[in-house]
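Going in written order, the chains are labelled A, B, C and D, and every chain counts its residues from 1.
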Amino acid sequence: MNINKTKWMIFGVAVIVAGCATYPDQATTKLMAEKMVYDAFTFAPEHKKRLDQDRSQQICSKIGDAKLTNEEAAEVVKLARASIKYPASGNLVGNWKEGDKLAHNGAGDRIRNGKVEKRKENGALCQNCHALAPGEINVGNVGPSLTGYGKQRGNSEAIAKYTYEKIYNAWVVFPCSNMPRLGATGHLTPEQITHMVAFLIDPQSPINK
Amino acid sequence: MAEPMKIRATLQGDTADVRILMRHPMETGTRKTSSGVVPLHFIQSVVVQHNGKTVLDVQWSQAISRDPFLGLRVKGAKLGDKISVTWTDNKGDKRTDEVSVAAGS
Amino acid sequence: MRQLRRQFLKLTGSASVLTAAVSAGLLKSGNALASTWNKAGFESKSVVDIQKSLGATSMTDSKNITITAPDIAENGAIVPVAVTSKIPNTQSITIIAEKNPFPLAASFEISGGGEGYVSTRVKMGQTSNVRAIVKADGKFYTAVKEVKVTVGGCG
Amino acid sequence: MEIMRGAGFTAGVMLLVTLSLPAAAQNDLSVGRKMLVEDNPGELWIDQGKDLYYQKRGPKKASLEQCDFGMGPGKLEGAAARLPRYFADTDRVEDLESRLLTCMSTLQGFDKNEVAKKAISSPRSRGSDIEALALFITSKSNGMKVNVTLSHQKEYDAYKAGEYLFYRRSGQTDFSCDQCHGEANKRIRLQDLLHMTSAAGAQEVASTWPAYRGAHYVVRTMQWRLNDCVWQMRLPDLKYGTDYSIALTTFLNRRGNDAVIQVPGFKR
């Protein structure tokens, strides 16, 4: 035992002297990096959850070109399915005008100097990543274009339900996609999501003009 | 205190390409902060001289961006010619800096 | 005023004397040399009033004026605008952001070896025409370019 | 069948007719950018940083001339190009900004927390001491190639941790860096997003900070960039000069090796 220990110590010294430092393994990396996260941020106890990863986020944090396994994808979809809640009214299609405003609102709930950005409600962030009404210039392209969304799909009950669920938890359709699980993480309320559905599928909405 | 400008004057053929960066807040007089409205404060005039002779006489409004830029070209310039720039703001602050025309790249 | 300046230059003689006077602080170069700030023009709220303040009773559209500016400005706080005038004997260039509360942004009087080219940066509150007015041989010429201003940031 | 990350987008694009920004509009953005980069107001901060570097300041009335940025005390040429790196005196990997913090406290006697608190200036201010100093010191590597080497074990650790953190999703937006910076030719609204997992994108990160931020009218540093990202991601307040920031910077700068440094950069 003692001999073994000494051996290891000698080996360790040799490693450093020879400059054979190398990349840490996955487990060590994770341990170090997770500690860095909690050391790096100042947060009130109620905001710790913004740093903690839920099970789906852990699965969806693949490094580099690493891919999801079928089992992982299935788990994420299952968790997403279970997360979806519907508005109390049961009506999935709200007011497209409200949805239009929300789609162009990227604010709400950001934290600076310990203060949470106060807004009447959180914006739906759509404009940041998606093309919206035809001809609108100041839109992102991280996500696919939503121009003509309802025109192409119609506004049937089935489409309304699919759209609601996709916004509530995008990972129910595409596990680990870049799209935030806006309802499931609590960023948007079920009622807000009904407005987003209306904005996307209502024939009167600028999206479908 | 007025701070030094950055002036680049480089010769392209017989023309000096002059690029000037000035440090100035260029306040519009409408910006509100927690301590009230920031008073109007901006560069009103910039005079550019080539060997002591005025080549550009500039009047600005508060709509010119903070840390203003001015670019111009002076014909008939030679290596080593002096380009001097003077700005004056609405509070009477001013600053003069001078460079020699350098070879262009 | 312009007349006075030229006379002053003649009186003081060579350029080097003038430079020496400036550096010695004898001469408050800005005030002494700059033309009078066009208060009427800078306080005007319309292009027509600005025109009046410049003494431009009529203007001709000119293809010999080039306005170099982005079609879309990512940030209205700092919109680069350059104006090139190929009109012979260009005396002055004026830059107007038509939809700004005070549209007249800058006026450049060119003399000596100064070329018909100026470049600066303008704050623009919204999408607007940027207009250039060029005075050459006592006549006024103009050109316009639209600059779309998008609000930056994600707020 | 394996499901690729982000497969949703690919599928989504196929379902919908994409309406991206017309090519002409893209060109018109570049006209403005070029005009601004050529004459960068950030240059006005270089002298400010130079003055601060040589001034005897702080409780110890010392300049920063004895600060070792990795090439020896007072040796600034090319130093920033090799950061972050391991420093024996602090037994830690440090980036330029945390190293400045170290020297300002050990050599000049400033209170680290006080300096850190003021390190990121408010928009339209004269900028912070660290912002100006970081620009001055990085400008001493202008024209040189980024060359972050990994030799000490802690440098390897920082690189790997940085990679892990780049892909770590959390919070109500489910974002990691990768959601915005993992693909080419993406924009948030009209703002281009660097494709940081490509060499070219990482090289732009490694060679253009500190940069003049037009919308703020001040020179900003890499640490500011990280702070603003995590703010948009709805994470809590990121402290200044932490191992988290240093690890991410190590990961990105190392992958940005061979980029030619040209600061100040210009960011809309």
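Keep in mind that, in the parts below, contacts are C-beta pairs under 8 Å (C-beta built on N, C-alpha and C of every residue); 3 or more make two chains touch, one makes a residue touch a chain.
It should be emphasised that the depicted structure is a prediction, and the values quoted were computed from it without experimental measurement.
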Which chain's mean C-alpha position is nearest the mean C-alpha position of the whole protein set? D
Report the inter-centroid distance (CA atoms only) between chain A and chain C in whole Å. 49
Centroid spacing, where centroids are CA-atom means, of chain B and chain D in whole angstrom: 30
Separation of the C-alpha centres, chain B versus chain C, in whole Å, is 13
Where in chain A do residues touch two or more other chains at once? 125, 128, 137-138
Out of chain C, which residues touch more than one other chain, so two or more? 72, 77-80, 82, 119, 121, 150, 154
Out of chain B, which residues touch more than one other chain, so two or more? 65-66, 69, 71
Considering only which chains touch which, label the overall pattern as line, ring, star, complete or other. other
What residues on chain D touch chain B, complex-wise? 38-41, 43-44, 47-48, 124, 217
Residues of chain B touching chain C in the complex: 15, 28, 44-66, 68-77, 82, 84, 86-88, 94, 96, 98
Of chain D, residues touching chain A in the complex: 1-9, 11-13, 15-21, 25, 150-153, 155-157, 159-161, 163-165, 167-176, 179-180, 183, 185-190, 193, 197, 230-232, 234-239, 242-245, 247
So in the complex, the part of chain D that touches chain C is made up of which residues? 24-25, 28-29, 31-33, 35-36, 188-191, 214-215, 217, 232, 268
Contacts from chain C onto chain A in the complex sit at residues 72, 148, 150-151, 154-155
